[in-house]
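Have a look at these structures, which come just after this line.
Here come two complexes built around chain A, the first alongside chain B, the second alongside chain C.
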Partner chain A sequence: MGVDIRDLRIAIGGKEIVHGVDLSIGDGERVGLIGASGSGKSMIARAMLGLLPPDVMVTGSVMLSGAEVIGAADRTLADLRGRYTGMVFQNPGASLNPVLPVGRQVELPLRLHYDLTRSERVERVNAMLAKVGLPADVAAKFPHELSGGQRQRVGIATALITSPRLIVADEPTTALDSITQRQIVDLLVSLVDEAGASMLFITHDFSVLTRATTRCVVLDEGSVVETGETATMLAAPQDERTARLVRAARTLTLRVSREGADRETDRGAAPSDDATADEHEGEA
Partner chain B sequence: MRFVLRRLLLFVVALLAISVAVFAMLRVLPGDVAAVMAGVNSPPERVAQLRAELGLDRPLAVQYLDWCANLLHGDLGASMLTGRSVSEQVGVRASITFPLITLGLLVALVIGIPLGCAATLARGHRARAAYRLVSIVGGAIPALWSGMLLILLFGRGVGLIGVLPSQGFPAAGWGAPVQALTSLVLPALSVGIIVGAGLMRYTRSALGELAASGYIEMAMSCGMTRTQAVRQVGLRLAMPQMVSVVGLTFAEMITGVMVIENLFALPGLGTGLVTDVGNRDLIAVQGELFMLAAFFLLIGLLVDLAHRALDPRLKASIGGNEVSA
Partner chain C sequence: MKAAIGYAATVLRSMWRHAGGRFPLVVLGLWAAISVVSLFWTPQPLMRTDGYHTWQSPSAEHWLGTDGTGADVFSWLMAGSRTDLLIVILTVLVAAALGLLFVAAMVSRHTALAGASVVVVDALISIPTVLIALVLAVPMGASIAVIVIACGFGYGLNLARVARPQALLAAQSDYVESAVSNGASGAYVFFRHIVPNILPVMLVQLSLSAGTAVLAESGLTYLGVGVPSGTPSWGHSLATTVRFITVYPLTVLWPGLVVTVAVVALNLFGDALRDAIDPVTNPELRRAAGATRMEEDGHGR
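Showing the complex of A and B:
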C-alpha cells in the first residue's frame, strides 16, 4: 500500500503547526520521519490514519492506497484502520486497554473487520503472539502483568494481526531500555518485511532510524527540511537543522551505547533470547 | 479472596463502631428518655418506674449488649409514641423510599450517561455549550421546584396533562402494585432529573479525559470510530469510578429524597426520621439511624467490591505481583 501525502497542514486552535508537508511511501518501503520533540511528527502520523480529534483542522491530501483520508467519513476511516493500516504506539502501557486481557486486545482488529469464529480468532492470536516471541499464556494476562518490552510486543502483534499493508510506528522504542529497543526494532522490521508491508517509522533518535529504515524525512517545526537515504543523510547531512539533529543523536547514541554496555555487563551476558530478556526486565 | 475477607471484617468493625456511636449519642443528649416518655409534669416515681420498665436503670454496657442482641434478631425496639415495632415501621417506610430512589437512579442513569457521552463527542463550540447549559441548568434546579413543575404538568387533578397521581402512597402499599408504582413516577422523575444532570457532568468529565488518551487512539487504530471507542472503551474504563459515584449517590439519595417525599406526601424513610426526631421518639430514632448508617456501610462495601472486580490493576497493586516496566 503506497502513501502519498501532499501539502498537509495541521492547525490547532487556529495556530498552524504542520506547514504543507509532502511525503510519500512506496510499496514495501520503510521510511523514517525524524525531528525534535514538538516538530509535528506524531500529528502527521495521526492525520494519516484519521486519529486526530475533530477540533484539529487538517487540510491537504493523504492518499492511502488510492483512498483520500482527509475529509473522509468516520466509518470509512475506521474500516481502513486495523485492516489496511496498523499502528504501534510509543507507550503501550498507556495505550493497551488495561482492563482487557492481552488476547482480547490482540484479536480486536480481527473482531472488528473479519467474520471469524471465536476459535479461529484465538488460533490466529496465539500464532501472532508466538511470532512476536510471546508465550501463549500471555493471552490471558492483563497489560500491567507484563514488562515494558512484552507490552510493546503485544502492541506489535495487535498492529500486525490482520497483515495490514501499512504500519505506522510512532516512537515505538522511546519508552524502552536500549537493549529492548534494539530487539523491538529488529522484530518490527523483520515482521514488516516478511509481510511485504510499508512502514512509517517515527523517532527522534537516528541510531534507531538506521536499523529501521532505508529512507528518511527530516521535520523541523512542522516543515520538511531534508529527505534522502538514511545512511547518506547520517553521513553527510545537507541542511544545518539535520546536522544539528545528527550531532545530538551521535552524542545520545554514544551515551546510550555506554549505558547499554554497562547493563549487559551487569547482567553477565548479552541475552540472546528476546523473550528471556524481557522476562528478566520484568523481574527487575 | 483475602481482600474480600478483609473488607468484610472492616464492614463488621465499622458496623460495631456505628452501633456504639448511635447508642452513646442518644445517651449523652440532654434529657432523660424516661422523663420525655412520661411527660413534662409526671411525678418522679412514674419516671423511675418507666426507667425500670425500659431497663434504663441498668449499667450502660448491659443496655448496649441487650440492644445489640435485639438488633441481631432484627428487633429495633418499640416506638415510644405508637408502641409499634420500629423494625416494622422502618420496613414499611423503606418499601417506599427504596423503590423511589431506585427508580430515581434509573432515570438519572438513563439521562446522565447517554448525555454525558454525547457531550464528550459533541463537535463545535455551540454544541458543547448547549450540553454544558443542560447540565448546569439540570443540576441547579431545586428538587422542590422541579417536583412542583412536574405536578403542575402531569399531576392528576391539577396538572395540564393530569395523568399521574401526585399525592400519597396507596394504603395497600405494594399490594396494589400498579397504583404504588404510578405514585412513584413523578417523584422519581423529579429526583432523577437533578441526579442525572450531576451524572452527566461526571460522565462528561471522566470520558473527556479518556477521549484524549492512548486507549481511545489504540481502539481507533484497530478499527473503531471515535464514537465507538468512547462508548465501548471509554465507558468501560470509566466504569470503576462511575460505580463509586453511582453507589454513593444512591446512598445519599435515601435522605436526600426527603423534600420530594414531603412534596408528594410519601411516608418514606427521610420523612419518617424527621417526624420521629420532632416527636423525640428516641427509640425509633436510634433504630432508624443505625439502619441508615448500616445501609451506607453496605453500599460502601458493595462499591469497593465492584470497583475491584472491574479494575484488574487493583488486584495486582494489592497482591503485589505488578511487573515494573
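Showing the complex of A and C:
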C-alpha cells in the first residue's frame, strides 16, 4: 500500500478543520482529492508529509510506505520527503526561490538524499528538464525569466527527479490558463505513470480531475462525502455536494472547449500539442 | 571556489559600471591600501613630536600640518585608517552573526521561541550603545573591544528587527515549503533560502552600521572609552583637536573630512552591492549564471 490514512483529524486553535478522514492510495494509483475552497484538501496533503506547523493539532494515522508520519521525528520526515515523496505546488511562481537559478532548485532533492558528484547531478537535472519538455539552458535561468507553464514544469521536474513513489500535486493547475492546464496535467500523468508512482491530485475542478485520476474522494467542510471512480462520479454523482462540483465542471469544460476553438480559429492553423511552443510565447 | 571567485568578480564588475558603485569601491580600495601601507610606512614616524612646531599649517614636510603635540596629522590619519578598518570589519561581523542568530530564532517554527526572541530583541534594543560601552569600559578599560562589542551588539539587534519582516515572508513562502517538502533541514532552509532573500535588507543595514561604527568610534574615543590613548584612530585625531576648532579649524577639518567620506562610501557601498547581487535587476549576474552552468554541462558529459 502506498499511503494509508486513518481517522485523520486536524485542528487549528482548538477548532477542528478536518474530521476523521480515511483515504488510501495503492501503488501506481492516481487518486483525486476534490472539494470546494476551504474544505481541507491542502491541510490533508500537508499532514500526509508532516508539513503542518507545530501549533496545528494533527491526530490519527498516516502510513507512508509502512512508516507512520504523525508524530514522526524531523529526521525521519526529512528522509521520507523528497526521496519517497515529491510535491507539486499550486503557485509555480511562488514555489521557486527567486534568487536561485532553476537548476540549483531542481537538483535539491538529489543533493539532499544522494551522494552524487556535481557533474552527475547536472547530468540528471538536464535529463529531467528534457523529460518535462524544457531546454537545458533553463537550468541557468532564474524563475522570473520563465513563463507560468515553464515554472510549473520546473516544479514537476523537482518533484520527480528522485523518482519518488508518491507525488502529491496540490492544485498544480489552478494558477495556469486553461490550455496550459491541460498540458501540465497530461505531462504529470505521463511522468507519474512512466515512473510507476502513486499520485494524490488535489483540485477543486472536476474537469481537470477526469484527465488526471481514475478514482477520487470528494471532501466537504473537512469530511469525506463520496468516494468512487472519477468517471462514474462525474456521470452520476450520488451526493448533492458532489453534484454541485460536477455542474461547475461541466460549465467550465464548455468554456474551455470554446476558448480552445477560439484560439485555434485565431491562429488559423491546426491545433498543436507542442507544450513548449505555447509556453515560449509567454516567456519573459 | 572557482564559482565563488567568478561570482564576486561579476558583482564587482556590475558595481563598477555605475558611479554610485565606483565611488565607494575607489574609496574603500584606497582605505584598505592605505591601511596596509601604514603598517610599514608613514611620511613621519608616528611618535615623533615637535614642541616647537605645534598646530602647523600644511607644508612640504607635514602635508596636512601638525597637531597640538607637533605630531604629523597625515601620518596619524594614515595609521588611524587601519584601526578604523579593523573596527568596521569586526563590528559588521559581530552584528551580522548576532543579527542572523536572532532572525533565526524569530522565524523559528517553534512559536514559543519565536515569540520570546521578539520580546528579548525589543527589550534589548532600547539600551543605548553608549551605555553598553560605558558599562563594558568599567572592567575592560578603553579598548577597541569595547567599541566592537557595544556597536556589534546594538547593530546586530537593529539588523534582526529590520530583517525580521522579510525573513518571515521568506519563511512562510511556498519556496521554503517546497524545500522542506524535498527533505531540507531547518538550518539548510535558513542559510540557503531565507538568508539569500533577506540579503538585500541585510547589506543595506550592515553598510549603515559600518558607517555608524566609524562615527561611534570617534564619539566613544572622545568620551574616553573607545580607542586607548596612544593608538592612532580617526576618532583619536578628532578627540585631541576638537577642543581647538575655533583656533585651528584645519586640524579638525582633516579627520572630519576623512570620517565623512568613509561614512558616505560605506553607505553607498551597501546600496550598490544590493543592486549588484539581485538577479532580477542585474542581467550580468544572469549571464554569468548561464556561463557557469554551460561550463558544468561540459564537465557533466
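In this section, the second predicted complex is superposed on the first by the 267 of 284 C-alpha atoms of A that agree within 3 Å, B and C clash if a C-alpha of one lies under 4 Å from a C-alpha of the other, contacts with A are read in each partner's own complex, and residues count from 1 in each chain.
The criterion applied here is as follows: a contact is a pair of C-beta atoms (placed from the backbone, for glycine too) under 8 Å apart; a residue touches a chain by one contact, two chains touch by 3 or more.
These numbers come from a predicted model, not from an experiment.
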item	value
Simultaneous placement of chain C and chain B on chain A, clash or fit	clash
Contacts of A:L51 with chain B and chain C, given as first, second, both or neither	both
First, second, both or neither for A:S147, with chain B first and chain C second	first
Partner chain(s) touched by A:L96 [first = chain B, second = chain C, both, neither]	both
Touching partner for A:A139 - first (chain B), second (chain C), both, neither	second
Chain B versus chain C as contact partner of A:N126, first or second or both or neither	second
Partner chain in contact with A:A175 - chain B first, chain C second, else both or neither	first
Chain B versus chain C as contact partner of A:R118, first or second or both or neither	second
Partner chain(s) touched by A:P109 [first = chain B, second = chain C, both, neither]	both
24-32, 60-68 or 150-158: stretch of chain B that collides with chain C	150-158
Shared contact residues on chain A - chain B and chain C	49, 51, 53-55, 74, 78-79, 81-83, 85-87, 89, 91, 94-99, 108-109, 112-113, 142, 144-145, 158
Complex contacts: residues of chain C adjacent to chain A	109-111, 173-175, 177-186, 188, 192-193, 196-197, 199, 278-280, 286, 289-294, 296-297, 299-301
Chain A - residues contacting chain C, complex	49, 51, 53-55, 74, 78-83, 85-87, 89-91, 94-101, 103, 105, 108-109, 112-113, 118-120, 122-123, 126, 136-137, 139-142, 144-145, 155, 158
Residues of chain B touching chain A in the complex	123, 211-215, 217-228, 233, 236-237, 310-313, 316, 321-325
Complex contact set, residues of chain A against chain B	46, 49, 51, 53-55, 74-75, 77-79, 81-83, 85-87, 89, 91, 93-99, 108-109, 112-113, 142, 144-148, 151, 158-159, 175, 282-284
